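First chain written, first letter: the chains are A, B, C and D, and each begins at residue 1.
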Amino acid sequence: MRGFDVVKAGHIEFLVTDLKEAKKFYAETLGFVVTEESRNHIYLRGLEDRIHHCLTLTEAGSPGVGHFAFRVASEASLKSIEKLVKSKGDYVRWLEPGEERGQGRALLVEDQFGFPVEFYSKMAGEEWMLQKYQHHRGARVMRLDHFNIMLPDAAAAFNWYVKSLGFGCTEITETEGPKPALWAAWLRRKHTCHDIALTTGKGPRVHHAGFTVTDRASIMDAADLLASTGYLQSMERGPGRHGVSNAFFLYLRDPDGNRIELYTGDYVTSDPDWVPIRWKLNDPQRQTFWGAPTPASWFNEAMLVKSLKTGKFAGLSAPKIRDRPDYLLSAR
Amino acid sequence: MRGFDVVKAGHIEFLVTDLKEAKKFYAETLGFVVTEESRNHIYLRGLEDRIHHCLTLTEAGSPGVGHFAFRVASEASLKSIEKLVKSKGDYVRWLEPGEERGQGRALLVEDQFGFPVEFYSKMAGEEWMLQKYQHHRGARVMRLDHFNIMLPDAAAAFNWYVKSLGFGCTEITETEGPKPALWAAWLRRKHTCHDIALTTGKGPRVHHAGFTVTDRASIMDAADLLASTGYLQSMERGPGRHGVSNAFFLYLRDPDGNRIELYTGDYVTSDPDWVPIRWKLNDPQRQTFWGAPTPASWFNEAMLVKSLKTGKFAGLSAPKIRDRPDYLLSAR
Amino acid sequence: MRGFDVVKAGHIEFLVTDLKEAKKFYAETLGFVVTEESRNHIYLRGLEDRIHHCLTLTEAGSPGVGHFAFRVASEASLKSIEKLVKSKGDYVRWLEPGEERGQGRALLVEDQFGFPVEFYSKMAGEEWMLQKYQHHRGARVMRLDHFNIMLPDAAAAFNWYVKSLGFGCTEITETEGPKPALWAAWLRRKHTCHDIALTTGKGPRVHHAGFTVTDRASIMDAADLLASTGYLQSMERGPGRHGVSNAFFLYLRDPDGNRIELYTGDYVTSDPDWVPIRWKLNDPQRQTFWGAPTPASWFNEAMLVKSLKTGKFAGLSAPKIRDRPDYLLSAR
Amino acid sequence: MRGFDVVKAGHIEFLVTDLKEAKKFYAETLGFVVTEESRNHIYLRGLEDRIHHCLTLTEAGSPGVGHFAFRVASEASLKSIEKLVKSKGDYVRWLEPGEERGQGRALLVEDQFGFPVEFYSKMAGEEWMLQKYQHHRGARVMRLDHFNIMLPDAAAAFNWYVKSLGFGCTEITETEGPKPALWAAWLRRKHTCHDIALTTGKGPRVHHAGFTVTDRASIMDAADLLASTGYLQSMERGPGRHGVSNAFFLYLRDPDGNRIELYTGDYVTSDPDWVPIRWKLNDPQRQTFWGAPTPASWFNEAMLVKSLKTGKFAGLSAPKIRDRPDYLLSAR
């Protein structure tokens, strides 16, 4: 697996309408570590992170995603990626070191699907909280694991990520019938189940960002805590076991409705000859291995993304194929 | 707390239409220990039990509950209970030692609410599997914890169990409004949250029997196992945290639809001056502390009970007050 | 099981030389809830407790145990106990309501073995933290479970607790050989493995107080936390699984050397005909089911107890039989 | 991180004197999945493995290690490695596809330190047991994680693995004093804490192979199971938390004394600029974060390795620097 030496899903920027409320949710309740705060931003990291941030909260007029970012192995890779994306006619902008706090030189791209994607190779080091257990609180969030994006044509994005950017595919979901279409794919650079998942739906939107916690107990404890502190409505789906990825999960909505996943227990994927696990869209165990149906909000709602060109939220296009399993078609 | 020296919820008899299928579910999958089998019965116990059975499976034409049973401290207590129930006009029958396998002399009662309730003081000892971890499988069921029964007039049953039989009340649910009515009560003799719960509904029916497992991991592991072995439809509700009892739970339907609960993590209740915890029927955290709504089947479906007098299932009467929270009223 | 309606092990008073250090250990680190503080005392309870205290810290010149206390069902029981202990020539003193904060009228006894034992029936109610998960920290201590005392003649104490005070025996340890002597016993009133354990050794001393936590994860998390906050030396033994009681444990020494146990996962013991589990003193799985040898400090060190008569620590007598297993005899 | 595209620690061959006993330990008790058996070999995999084997048991006259193996990205890498090792004068031998069951063409090397190391790129696919939870038993072993080898000159091996084979270093242990010497190093290719650890000691020997389990509960459950099935002596060290790697562990000796580690909970290491965590040899939290001292057997005993040239066990040389912390120097 070569590509452009993309290392991993690096960080994501959430737009929030009230920084204080967002801090209460992410830092004080879920236990993200605050690395740095400015008037408009809070930079957060996980307990396992030795880097400046994996989640940025930016105060804005409405919620959504400012950008999501992949770390690459070297600055040289950034230039190769610039060349590649320009060949697709994508919009690019360079960020100087420090223009995003804690980060080295970075390439900001509005890709062909309308997503604001950043590539960077350097980030400032920070104190490791992993063995300072007195700082482990809330959901005991360890690190960013993945992004899940929703777009009209998952197959086109599959080609881009796999063929151009060198991602490996670990699992896919196909539609039923004699001519199955690719409905979703889980793609990875680091040795986990995925760095990014591509899902069919109205887009471009970011469906959620997944953060790794240590074990099932951390997720259950987080649910108890959220239920005790006024965040009952934040728990959208789970806890449960995924079919895809085999991970244990809990989906949360922050006070602005931005969605994150607490995630643990997927598998290791270093092998280069990994054959993708295949699921059918209507398989009742695909999303939740225990069979619990996913709520309609999971298919209807996702985060708008900011266009780098216009500074406004990107307009949405309808999916090219159906965007949900049979049991929810009537709920559309 | 005196009463008639009732010690605890002792065992329950489930009627099943296919003993082999039932054994596959309870013994081979969930990990109940088989103490003894006959042509029509299987006697099961938990890993922690040193007694002959806490669950009897009896082959019958249709599913339901044959009887449920309380252990009392002495044979003298049995006679006192006979006198008491006869004063209420209840039907009683004595069982000789061994008439129910492994059990001493027993008093079988059809109580004023139509439930077939057994009282006994002696049961044969059996091997303790608690420290034979090679036999811990499935949900690693430890012991019976409680019965949950559904009947038209929970307040009347409350009086019977608390005032006549000496049970203590740990938690109650009341209806909303200026004149709240008792909707459900959790009653105990042993030092846990309950031996029996009384719930308002069409009855007499047994809603479920709750069995203790060691911890949350046992419940999660059971869900994974059931999902891998064709029991997807068996998982009716959960896993989740209860508001009432604070226990972690998973509700299962056996192949005949009989309902059990895997249950863990309630509190200890030895104190005689325990003030009941009070809940309102519509509180969204009452049934599931995390706010997940309980499915309508939970209110609609329960196990019929066998009449000792007729040998047939007891007829049902409508509840005296509403039988479910607001959000489900339209689903009735 | 009748006796004098002893309900359970109620609370214990630890003497500490530095209240501030003790508070840091018990409240800030292990997560006991502070109910009330005075100049000389801190009253602590567990997350599950609805009572004023289960652990009192009292500032004193040297560490040890001020008294330990059993809750009884009624004030009438207190009078019966007074009569009984006086018949043994024991010293008694009455405490007025509130003389010990939060507690009703109480009988303080220096028993025939030299232990300062309190009996009381009423204690003030306090807020339940069980479902306020934002207050669950550290070891997430739920409640007091048991006392473990060390004295020269365990058999004599067995008679007193079982025959006079009506405790039930769940497990015993005997010496090897053709004429086994009782070496230790686990006795209970509430429906757990024990409220008090009697162990052979130089005494009267209190070996430890055991506090219940929810599950194994709580104990492991506590070990991580203690190791991160300068309490490396506090972890004396464990984590591990006990043979006796089957509980999962971690033994801690507070900054003064007082010993507590974090304890979880024993069994329920409501049955009146429970046959004691029998262990041999030299069985390598008796103390730790996984076979890890117990350190010599466990047999050498225990907490001195304050004499009610003299106000000084009770003098010690040598054990009547050997006080430890073979493998440690050379270490005496 | 380039090197020769080594992907990960792939598998290890243990020599056992009784295949049946070894199978009982690894497959029936710990729950490794049997892929294939022949007269002299048993090929085992973990629940997460989709490959033929990660552990081979080979019947032999005495215990030890036949070889350990790294998976590489392509057959082309094998040739580059051959060239490299020959340049060091190392002995190489090619294995034809299938010569080791389930494996493609492979390069067998006796490296400059005397270790029998195999490199291969292809292995037959096998059924994934990860979501067939009915097959999860014992320690629920997921996959091979790492090898730990012991040799006289860890610094020389560090150079070889890092500079020639392109491994990254995640943690190191140094001796005390003004001129610290490298005492041990944890090196990785896949995105975990390590694929191989190099430790100072009499060698060449393999200290242990580490296998990943899902969580702490799996390790605790394994300890309970081993303690119930006659493997009390197999538990050499733990369970506990490592300082190095932060993983939770239990060290086991198989019936022949070969050593494995059950391992869970280290961190993800995809970042190319990872700065090694540094430990001092005498730090009491280095080996066990909770401070429990490591037994002398851990430093004294390790597995002999078979020389590819002679077919006999490689002779041992004394370590170039001290081989253990201060507290064990007297125990040597």
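Just so it is clear, contacts are C-beta pairs under 8 Å (C-beta built on N, C-alpha and C of every residue); 3 or more make two chains touch, one makes a residue touch a chain.
What you are looking at is a predicted structure, and each value in this text was computed from that prediction instead of being measured.
Across the two candidate interfaces, B-C and A-B, the one carrying more C-beta contacts is B-C. Comparing the CA-atom centres of all chains against that of subunit C, the greatest distance is found for A. Chain geometry summary: the mean Cα position of subunit B and that of subunit C are 34 Å apart. If each chain is reduced to the centroid of its CA atoms, subunit A and subunit C end up 50 Å from each other.
Averaged Cα coordinates give subunit A a centre that lies 44 Å from the centre of subunit B. Contact of a single residue of subunit A with at least two other chains is seen at positions 131, 215-217, 224, 227, 289. Residues of subunit C that touch subunit A in their complex: 131-134, 136, 215, 217, 221, 224-225, 227-229.
Against subunit A, the residues of subunit D that register as touching in their complex are 1, 7-8, 48, 50-51, 71, 73-74, 122, 125, 128, 130-131, 142-143, 189-192, 212, 214-216, 243, 246, 265, 267-268, 270-275, 277, 289.
In the complex of the two chains, the subunit B residues touching subunit A come out as 216-217, 220, 223-224, 226-227, 232-233, 235, 239-241, 248, 284-285, 289-292.
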